[in-house]
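Here the structure comes first, spelled out in structure tokens, and everything after it is commentary.
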Amino acid sequence: MKKMLAAATLALSMSTSGLAFAEPLKIGMITTLSGGGAGLGIDTRDGFMLAIKNSGNKDITVVTEDDAQKPELAVQIADKMIQSDQVDILTGIVWSNLLMAVAPSAVAQGKFYVSTNAAPAALAGANCNKLYFNAAYQNDNLHEAMGEYANRAYKKMFILAPNYPAGKDSLTGFKRYYKGELAAEVYTQVGQTDYAAEIAQMRASGADGIFVFLPGGMGIAFMKQFAQSGVNIPVMGPGFSFSQDVLPAIGDAALGAKASGQWAPDFDNEASKKFLADFQKEYNRLPSIYAVQAYDAAQLILSAAAKASVKDADAFGAELKKADIQSPRGNFKFNINQHPIQDIYLTEVIKKDGVLTNKTVEKIFTDHGDAYAKDCKI
Amino acid sequence: MLSRENLVNLVLAATLLAVPLAANALGQPFYVTLATRIAILALAATGLNLALGLGGLVSFGHAAFFGIGGYAAGILATHGFSGDPLIFGLPGTNQMWVIWIVAVVVAGLVGLAIGAISLRTSGVYFIMITLAFAQMVYYFAVSWPAYGGEDGLSILVRNQFPGVMTMRPLSFFLICYVILLIGIGLFALIRASRFGSALQAARQNEVRVATVGIEPYRIRLTGFVISAMMTGLAGALFADLNRFVSPSMLSWHMSGELIVLIILGGTGRLFGPLAGAALYVAFEYALGGLTERWQFFLGLILLVVVLFARGGLLGLLAGKARHG
Amino acid sequence: MTVALALEQLLNGLQLGVMLFLMAAGLTLIFGVMGLINLAHGSLYMVGAFACAATAAWTGSFWIGLVASLIAAAAAGAIVELVVIRRLYDRDHLDQVLATFALILMFSEGMRWLFGSFPLYLDIPPLLQGAVPLPGGTEYPVYRLAIIAAGALVAFGLYLLISGTRLGMRIRAGESDREMIGALGVDIRTLYTVVFALGAALAGFAGAMVGAIQSVQVGMGEPVLILAFVVIVIGGIGSIKGALLGALLVGVTDTMGRFLLPKLMALFVPPAQAGMIGGAAASMLIYIVMAVILAVKPRGLFPAAHA
Amino acid sequence: MVEPVLQISNLVKNFGALRATDGVTLDLRPGEIHALIGPNGAGKSTLIHQICGTLRQDSGSIRFAGEDVGALSVAGRARLGLGRTFQVSSLAPEFSALRNVMLAVQAREGSSFRFFKPVMRDKGLIDTAMAMLERVGLTARARIPAAELSHGERRQLEIAMALALQSRAFLLDEPMAGMGPEGSKSLTRFLDTLRKEAPILLVEHDMDAVFALADRISVLVYGRIIATGTVEEIRRDPAVRTAYLGDHA
């Protein structure tokens, strides 16, 4: 019965966003489509465009450009989109350092920014902005969840992250909830490809659990090397370490790894099933968490645009903040700092029909916000 | 009577001024921003051109100075905004001219240290040791938490210049344009001066310079430091243009791009860096809008220029370079 | 810190060094013989890794993939030499830097065009899976030992090639005097293509070997490239012996730095900060070492005769 | 006795096992032309490199203009007044003949750290340099890039640069090499007048020129000076005849 109701509201929301908007809407998407990080940007774009396409709305234009993962280029494109293309909303940036280059100045120029992934602490607390929304999470969330989970099962953790702000946020987030002993806290070089020295330390540390935050290629390299090391300590990490974009490259070495995530392909709700089916039909691959986040970002924008004109920032912002969407993630609403309040789950890497994917194990947090919202005065 | 090169130079300078003025009048402020970017990159490359074009010092580490200038702007502005003292109780500032002086001085000092060691080597070793120093600065910036590390540092409000509304794109462009012209003028003066003679002679024939009693090392070190200062100043402007500074300004790709600008325009030519910057930014902008694969075609164009259009754009337009 | 851990870290440093040697040997050979500075060497490393991963996925055999990586990298090297590089020999280093910088852009985007944007899967062959016990009670991955062995074999093979064969003789002649080998009646254009392809094959081999324990993705060659340059500059450009010793020095320094510096810092500051500051210092360490060496010996530890 | 301008004592330089300079003692007195001759491979180049400062001696001393210059750089010795020409002429190829000489003039004035005044509007600098070019007969070629000058003209240009330095001694490394018979003759006449300016250490293969010009000759064989003396003494010296002139006679 409950399911049916969900399906009905979904249909309703689809049909409302299918209506013509009061005002045509122009969205600028800046994301990484070339170079080593292009996989994430492509999933972001595809997830976003899937929602736009499903809406069938003709009053909406999306201009997309590649930032090549360079902050200066992202700024240039943002300037162009704002000054030349006259977009109303910017979105799509994957990386925190690019977001920090673009978002503060975009909102200063009166444009909305809806983040599909990057969520640095710097924009969640005192420097929050009523034009800045984050549809993904706050950077610390998934790490906090792993800290909470580690409390339940482990006594002495070895924690590791790259030596850059997101890495520090990660370990800070983990430690915020983890109350046990730390065997070591190690920071590696950004872009490091060999983890032999760190794995040797893990072996010698006497830890009973390992938490790593190593996005992209770094995580692939770490997991492959760890699997060969003969060290038998369980590895866990935030969801992006084992998301669909990297799993095929890690291979069976990832099997059994525990991670935290706000979504996994096996979620049992109508929105998730529909999203999964649509995405696979459209692009012939499994979506990653980035695709879900971008899909929701697009849904959020559509939901607000159906009810308010983007030219009226207060009204549009208020509609956005209602988060009147059916997220594949299930429960989704915005906190006072316009970052999500959502459930966070423990997932495990399994092999299903010969394809590596994530399976939901248990719920770690219910309606989880972030630690910075209290400093936000909107 | 203007020489052909001077005519080309004049046209370049006039175009760079006319396009943003026209764009502004037509309500297309983005092209003003693009022109500002060109002016700043041209200034950075003009700085490098002093070392590379005149002195023959192929520095693969000038991003270090560019980034240091940028961080000078970012750090001073951050402290100016928050009111926290910087060091020794000195305050930050949002005054561009103070920032410029600091950027130039700091870049010069770092240039002195890097140059003093690097200039003991030559040829490929020089290329590589300058790269290594820049990487050192880069990794420092990435992993030093105080000023944002990899995430970089936002400048919330563009810094001020007395009597100018710096937030208006055209005003800021004019500031950069004037500084660029001063930079190019300085380059021309230095090239024609006694110091410039010695610097260029040291590139052509080091032994000859020593044999007349001039120490090539001192000449080159001085040239390297001046070059670092000019590139540092450009970095400070670049940070203000983007209202943001991050380690990517220090990356080896940035060093490579600065070299690209010079060769694209014409090595050692007065207006080479400007021609190169205009061409490069135009390619980047046009190709980026056309195809996701733009980096491939950018590479292809660069390759064709190196292999078949020696002397760069100015070589093509104004013929071979002449020395007095 | 136990002896076993120190031993394991030393092996790790050795393995990194050996891998760097494979890259550096090709670079230094190309510089020694042709006087060419090749920034695109990292791209050939990437080509090797992609070729190995794609072939292994297709045939199911890492070994066939390894052979494919050699062939693909050598072929890519030969083509690049024929089309682009040979126009650069009589140019200055500036033109060489720019042209090969342009090649990096083309290779990276080209590989993405061919293989898509997501990292490829490449696993260690079954034969080399797992770990073996080390004295002191720890274990060490078989595959890393295999990399060390392979690197040692390549070093030995290069030594035999250069000291004992006709090709080696021509290479040595080319290193000492470029005009002379022309006079010897050697077809210098073919020699250059062969040497370039050989250097490329070494890079491709390194890419394939390392690809199995790292991420096979676009841009993977760039960090290695810079390290390889550090190696050959420390060793003395053009010297294979210098490349070997430089590679081992860089490998061990880097590994030990990452391992020991945070511990050293922990004596002075709280652990979390020690990790950050130590990590920052470790990432700059090899560049500091390089600067110090060049400040004292401006042409590296083993300057080649003519360079 | 007048103190020599250049005094080399017991100079030794080894390359590995090879002793390239083997206890050389040599001086150059005011007003003289002292020729240094020797067969190929005798170590003349190595000796010149040590005198100029491009190579550092292993032991022994070099005094020039009353100072021990053994530890000075090339430029440092040049500033003391050691003017030099090269076996293969060494110039700034892109610069005109005039600018090459101007470089020497500005170096002598000790003023290379001036950044703003254009040299081509610096009348003092140009006039001095033109005067030097006139002395070597290159006035008409002043604006031609050095790379486009003929072999002989480049020789003359190098001498003009050495003149511009107001050298206290000239070190001329095979100035006759590659000159035709006519060129050699006129250069010989010119060098004869040059000795009034400053003493010359002349390294030369052209025996006619050596015999015509030299006040004294030293013979270098296998890194050693085997004889020093007047033209007549050297002509008669049996050791020289067997070791060196024998090849030619």
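Letters are used for the chains, namely A, B, C and D, taken in the order the chains are written, and counting of residues starts over at 1 for each.
Everything that follows uses one rule, which is that a residue touches a chain if its C-beta (ideal position, glycine included) is under 8 Å from a C-beta of that chain, and two chains touch if they have at least 3 such contacts.
Everything numeric in this text was worked out from a predicted model, so none of it was measured.
Asker: Strictly by the touch rule at the top, which chains does chain B share as contacts with chain D?
Answerer: none
Asker: Hey, which chain ends up farthest from chain D, C-alpha centres compared?
Answerer: A
Asker: Could you tell me the distance, in whole angstrom, between the mean C-alpha positions of chain A and chain D?
Answerer: Here the centre of chain D sits 75 Å away from the centre of chain A.
Asker: Approximately how many whole Å separate the CA-defined centres of chain A and chain B?
Answerer: 37
Asker: So how far apart, in whole Å, are chain B and chain C when each is placed at the average of its C-alpha atoms?
Answerer: Taking the average C-alpha coordinate of chain B and of chain C, the gap between them is 32 Å.
Asker: Quick one: which residues in chain C touch 2 or more of the other chains?
Answerer: Within chain C, the residues that touch at least two other chains are 108-109, 276, 279-280, 283.
Asker: Two or more other chains in contact with one residue: find those residues in chain A.
Answerer: Chain A, residues with two or more chain partners: 33-35, 163, 168, 187, 189.
Asker: I need the residues of chain D touching at least two other chains; which ones are they?
Answerer: none
Asker: Can you list every touching chain pair?
Answerer: Touching chain pairs, listed by label, come out as A-B, A-C, B-C, B-D.
Asker: Okay, in this complex, where on chain A does chain C touch?
Answerer: 33-36, 38-39, 41-42, 163, 168, 171, 182, 184-189, 191, 193-194, 196-198, 200-201, 203-204, 216-218, 220-221, 224-225, 228-231, 245-246, 248-253
Asker: Show which residues of chain C lie in contact with chain B when the two form their complex.
Answerer: Listed in rising order, the residues are 31, 37, 84, 87-88, 93-95, 97-99, 101-106, 108-110, 113, 226, 229-230, 233, 237, 276, 279-280, 283-284, 287-288, 290-291, 294-295, 298-300, 307.
Asker: Looking at the complex, which residues from chain C come into contact with chain A?
Answerer: Listed in rising order, the residues are 1-2, 4-5, 8-9, 12, 15-16, 108-109, 112, 117-121, 123-124, 129-131, 138-144, 210, 212-220, 223-224, 255, 258-259, 262, 271-272, 275-276, 278-280, 282-283.
Asker: Which of the residues in chain D come into contact with chain B in the complex?
Answerer: Result: residues 52, 54, 73-76, 78-79, 84, 86, 90-96, 99-100, 102-104, 106-108, 111-120, 122, 125, 145, 161, 164-165 of chain D touch chain B.
Asker: Write out the stretch or stretches of chain B touching chain C in their complex.
Answerer: Its residues touching chain C are 52, 58, 60, 117-118, 120-125, 127-129, 131-133, 135-136, 139-140, 142-145, 252, 256, 259-260, 263, 267, 293, 295-296, 298-303, 306-307, 310.
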